[in-house]
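Before anything else, here is the set of structures, which you'll find just below.
Here chain A shows up in two complexes: once beside chain B, once beside chain C.
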Partner chain A sequence: MKRFNLIFLVVLVLSLPFTLHLKANVLEKLGMVIASGYDKVDGNKIKGTYVLHQIDPSSKSTILTITSESLTSKGARVAANRQSHKKVVAGQMRVVIYDYKLAQSGLSTLVDTLFRDASVASTIYMAVSKESAEDLLTHKYTQFSDVGSFIVDDIQQNILGEQMISGTLHEFLSALYSTADPMVPLLQRKGDSVELKNVALFNGDKLVGTVGPREAFFLKTIRDRYKSGSIELSLATNQLGDIAKNVKEKTVRIVIENIASSCTKKLISQNPLKFQVNIKMKGVLTESSAQLDFRQVGVIQTLQKKLDDESEKQIQILLKKLISLDSDPIGFGEFFRSRVYHSNLTSDKWHDMYKSASYDVHVDIRIVRMGQIQ
Partner chain B sequence: MFFIKNMLFKSKPKFNKPNATESSSFTFATEMAQMNIQLQETFRMLPDFVSRELTNKVTFGVYYLSNLVDSELLNKEILNRLIEIEELLSPEKLVDLLPIGQLLLDDNWNHMQQYILQGWTYIHISGYKYGILVNTAKQRERALTKPENESQILGPQIAFTENLETNLALIHQYLPNPDLSEIAINMGENTQNNIRVVYLRNRADLEMVTHILNTIQALDLESLLDATVLAQWMEDNPNSAFPQTITTERVDRAIFPLLEGKVVIVVSGSPNVIICPTTFLDFFKSIEDYYYRWTVGLFLRGLRVLGIMISLFATAVYVAALTFHYETIPQAFLVPLAQSRARVPFPPLIEALMLETIIQLLGEAGARLPSKVGQTMGIVGGIVIGQAAVQAGFTSNILIIIVALSALSSFTTPVFAMSNTIRIIRFSIIISAGIIGGLGITMSIAFLILHLLRQSSVGQPYFYPPYTIENKNKRDGLVRMPFSSAPKRSVFANTEENNPKGSSDIDE
Partner chain C sequence: MSKTRQTYMYSSFLLIFIIHDAQVGVGLPGYQRVVYQLAGHDAWITVLITGIITQLVVWMMIKTLAKFENKDLYDIHLVVYGKFLGNVANLIYTVYFLFATIIVMRNYIEMIQVWLFPNAPTWVLTLLIASIVFYGVTGGLRTIVGACFIFVTITIWLIFLLYFPLKYADWTGILPILETDMSHLSKGVLSMSFTMAGFEILYFIYAYAKDKSKVQRYSQIGLMSVTFVYTVVMFVTIVFYSGGELLKTDWATFTMLKIIKFSFLERFEYIGVSLWLLVIVPNLLMYSWAATRGLKRTFAWKQKYWLYVFIGVACIACSLIESRIQINRINNLFSKLAVYIVYVYPVVLFVIVNFHSWKQKKRSHTEVIP
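Showing the complex of A and B:
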């Protein structure tokens, strides 16, 4: 019996490599994709662009770019494999870029293949490119050699520094399968550089519009707790009254660097649909275009009041814009579903209700410091 | 498979029955001449056998092996005194005159022969059927030295020697405790070893002591060269890769377990003593941990545990990551790693096994070589092979670092036997990682833990603190705690918490 057990174990262990469908992927035999881009081309086809790590030590270039066309994204990768001397794999992929037109016609089929692939992490970044993704990835940049890593690092440092909204595959899917809507950064090639230009907003899996980085700041503040970023607000001089007596310019531009912000949302009424948004923010005044005398009593209070009003106005504009785009990236739908029992809210139902939503916005900015001296 | 096994290892060793000693037929005779002939016959193959008749007024026959006896003692205490004796004495009376002598108790010729072979002197009195035996043996031993294989910075710097009496005296010197008990066992027809089982009567679990005694007595060894051999015979599972008892040359290392209620076995002729029972974690504790302040001790012990992890898994993780899990390699590491691998013609498993073997060869060569040549060996191995292997595209330079790191970490284990075991086990983990990747590493860990759980050391659980965690032994299992909070005795001890087991008088 004991001998049988031993033989059984040995056979089991030896048969594991075959039965487990284990494929040996030896590192140096792989063409590892850093970034892939997909474009819509005529005739229902997809054009895939892949940026691969070049691991040949004698090669001058650090990347290898392959373009291929197919009906599906997986097919495009298979087609790309035919052009590569190494097996093209997606395990080290860090960013996926879809072009604007492709995103407008819906991404769910393309995203689907990513999350079905076990080797693709759910933390890879997604992005939309203003022009074609092929142009973005194949352009010969003079300032850096590896466009894939550049885009990844660009997105990553801006997300970690909380300057940009985070658009990972995980967040995209989680928004897509709930009643919220996804949003991802929008990239644009600007000469010999790549810029994180805007935030692309989706309705379901279809891109519907974009908002600028300043609005993205408010988007982030409303969505969750937030510890960085900065806003630039222009206040009309005549509204500031006494405190800006000596200022000649028509507007005073103030930059507030955010230290900590929190946002509480309330559902005030269901019919008509009305939400209350309360934002509390502590900030440091880092720049002011006019010389204001902060030693005087009441200057800071007045400034805070004006800043509150200005940001409330801007947030209202943003929320209206979101409604007009029929996109809910903040997740008011999820919030509604969590507050109303037995609402049986579906995404379609919510988008019908969303059109009539209105908001009551309160912002409370506290300037805690006037800058720091090192 | 089993046929090959039978060919390799003969299932039954050929048993040579030792020829019956011719002398066994001899009996003691009253006449001096008869005794002379018989003794000459017995020791005819030993040229230094001395048989002398001292005839003054009485005739004494003195028999000894000249190179085993202390000649000064023999002259002063025996020969001089015997010459002065003027009347015929009975052996009983003679013993009184010779304080270092003792009466030959039985008329067994073999026993007398055995004593002479150990350096005693036999004195025969004409007219009596039996004589007396005098201990004139000269002990040949080296002086007490520093422990060489288990060196430490702090603590007593004294090591056991090859002499049983010295070793026992050292233990007594550290523990002048009336409860210190020794049980003597003789073993080995050829080597005539004395074995002493030492324990503290009021601390040790007596059931366990009985178990150990029974185990040793059940062994019928013909010869026993060293304590390490006895330790192997005592093991519950000799087929396991893991040593189940600690053998140490440090005196303090042997005293500490005694105080914990463990048993120390001293074997004559061996500079090592056996400590049992031993748990798996004991192998990673150094006695020096207790000499350092507890923060330092804790850090060093933690470092050692980290070292074991590195030496077991570092190379395996490299192999698994490069063969199967390229997704897990951090991006910053990816390109340099792939580039260094690009020139290597072997798959990662072969590459790793090859380099591991080279490192093991270096270690083995270093251990065998004289120390002066050993340094050259280090330079040849470390610089020439390491640097040249990378430049020749034989291995990747990252693997060199990993393999060197794991070799280095395997030597942090304080018990040499265990560090050897880790060096061996590493290979199987690497191979399983090369065949089925991370799953293989996980399976190896599972099998390793299962195996450890099945082991026992002299009947006590081997994988102890993980096996049953009780409140009192959570501390000082793997974590060196301050003395105020550490338990005073091990769980094998007979303490108030552990009810006494076994009866207090142990049959010898």
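Showing the complex of A and C:
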């Protein structure tokens, strides 16, 4: 009997390669998608562009770009596979780019397929391209040969350096399926380089507008803890008073490098809907367009006060803009839900309430260092 | 106590590991969605309450067992209910174990098929796991206890992986605390039974513990560790996912692992899913061991022959369950059944046994006096 068990086990293990229907994935025979882009084309179709990495000593280029059209994104990948001499696999995918028009018409089905796929990591970056994603990915850049890796590194570097809001698949889904709204970086090809400039804002799964990098800085400061990154503010000289007596220009431009910041939010009243936003920021003054005498008493204080006022104004404008776009990427809805018992907040209900929201913004910027010189 | 029996005994201390491994099983990878559906963001409180209830039930179980010295549940049934009814009760338990084995096996195979090998046929994977189970159960109880100890120590570090999803945590997720009402909370508690089940194995291994006076203490420590793990995982899940996203995720725990990335390892959940075999094998071992023991006792056939039958039936049943919808339906059915077998019945038995012994005492009392 013992021998029977042993023989049974050996036979079973030996038969595994045949019975499990495993497909061998030989690296040389795979085309690993590193970046994929989707464009909306006429007649409900989707155009997919895939940048593949190929490991092939005989090939001059390490990347291969394929474009295909289909009704669905998975269909586009299958169609791409028909054009490729290597099997197209998505396990190494790092970034997905959707074009502006496609994002405007809604991304939920396209994001759903990524979420469903066990081979796609939750940390892949999502981005929206200003022009077509195909153009972005197929353009022959003179400066770099591998556009896929370039875009990935570009996004990653900027997110890790906290210069750009993070837009991973997980964060997108998390916002999409709650009362908050997603936001992702917006890419734009400028000649022979790719720029990561604005932030695309969504209402649900539909793109509704964009904000610039300065607004993105505030957006990020309000949404989460923020360590680095810098802001550029221009102050009117005549408002600075005594401290800018000798300055001839009309405005003084100040750059503050953010060392640490914290943001607390408070719900002041439910009817009318009013939030309080308190931002505390510690920073280094890295650039000043005017020669100000910082040794003089009160200069720093006056400057800080003006910077506070200026950024409060800017944040108010940003928050108004968000309301007018009907997009809540900061997650005030989630905040409301977490503070009010039995609110039974749904996304639709929140967007109705959101229109009437107003804010009390307090910014407290402290210049703690001024670099090497006074 | 016979000398041969002594060789089958295990140290009571190991109950910590046995209970831990018996409870943590195929439920942990995806219990969050079910509980969240009912209790919302207060799901972690539900898990905590379920843990406390479980400790009460186990306390009663051990009190019941302590009245019978070296008897397991099969013997107790025969003593309490008499021969016919006792055997029926034993058979019900055996069928429950068969059901549990099938459920655990099929759910794990589903995990393998979704995450690792989409094309692998169910019957091959069933056969593979079944042969491990067969090998383990023929080794006897001490092998099973040893497997529990080693497998827990190998896999317990997985809890530290929760650090990675915490980086994406949004703490507003758990607020406001205690928003759900009692009815939803209690429904959530009921839905946890599938995940919590496993400690009923104590009814069958109690007799083999060396130091009976310490069983209570070590079992409770084991239960506490499970409650701790479940609560922490639930807590992290709630802060990591937004509500709607969690409701869309089948294996919330493993989907969380998808964000872990090392420079030498791109996708961590592959390791997680593979390692999970070590967590569920002790489950299967104990269920099959306890069931075949019962069959041997009732029908007087060798345990090994019953093992062939038991595993054969489990394999065939497992291979016949095909789609995700079927699995879900069976899970729901099991979940409902488990509430009665695992939570309600021990309480009922506790009352019956106490009543029984009270009556006996009274009888002997009245007999002595005249």
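The rule is simple: the second predicted complex is superposed on the first by the 347 of 374 C-alpha atoms of A that agree within 3 Å, B and C clash if a C-alpha of one lies under 4 Å from a C-alpha of the other, contacts with A are read in each partner's own complex, and residues count from 1 in each chain.
We take it that a contact is a pair of C-beta atoms (placed from the backbone, for glycine too) under 8 Å apart; a residue touches a chain by one contact, two chains touch by 3 or more.
All figures in this text were calculated on a predicted structure; none of them were measured in a lab.
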Of the partners chain B and chain C, which touch A:22 in the superposed model: first, second, both, neither? both
Determine, under the contact definition given at the top, whether A:115 touches first (chain B), second (chain C), both, or neither. second
Per the contact definition in the header, classify A:274: touching chain B only (first), chain C only (second), both, or neither. neither
Now for A:89: first (chain B), second (chain C), both, or neither, which partner does it touch? first
Once the two complexes are aligned on chain A, which partner has more residues of chain A within touching range, chain B or chain C? C
Using the touch definition from the top, say if A:338 reaches chain B (first), chain C (second), both or neither. second
If you stack the two complexes on chain A, which partner ends up touching A:53: first (chain B), second (chain C), both, or neither? first
Using the touch definition from the top, say if A:8 reaches chain B (first), chain C (second), both or neither. second
Just to be sure I follow: which residues of chain A are touched by chain B in one complex and then by chain C in the other one? 16, 20, 22-23, 91-92, 121
As the complex stands, chain A meets chain C at residues 5, 8-9, 12, 16, 19-23, 91-92, 115, 118, 121-123, 168, 170-171, 173-178, 180, 331, 334-335, 337-342
Residue set of chain C touching chain A in the complex reads 114-115, 117, 119-121, 124-125, 127-128, 131, 134-135, 168, 170, 172-176, 179, 241-245, 247-248, 255, 258-259, 261, 266-267, 269
Residue ranges of chain A touching chain B (in the complex, touch as defined): 3, 13, 16-17, 20, 22-28, 30, 32, 34, 53, 55-57, 62, 89, 91-92, 94, 119, 121, 149, 152
Taking the touch rule as given, give the residues of chain B at its contact with chain A in the complex, in rising order. 2, 321-324, 326-327, 329, 331, 334-335, 337-339, 341-344, 347-348, 432, 435-437, 439, 443
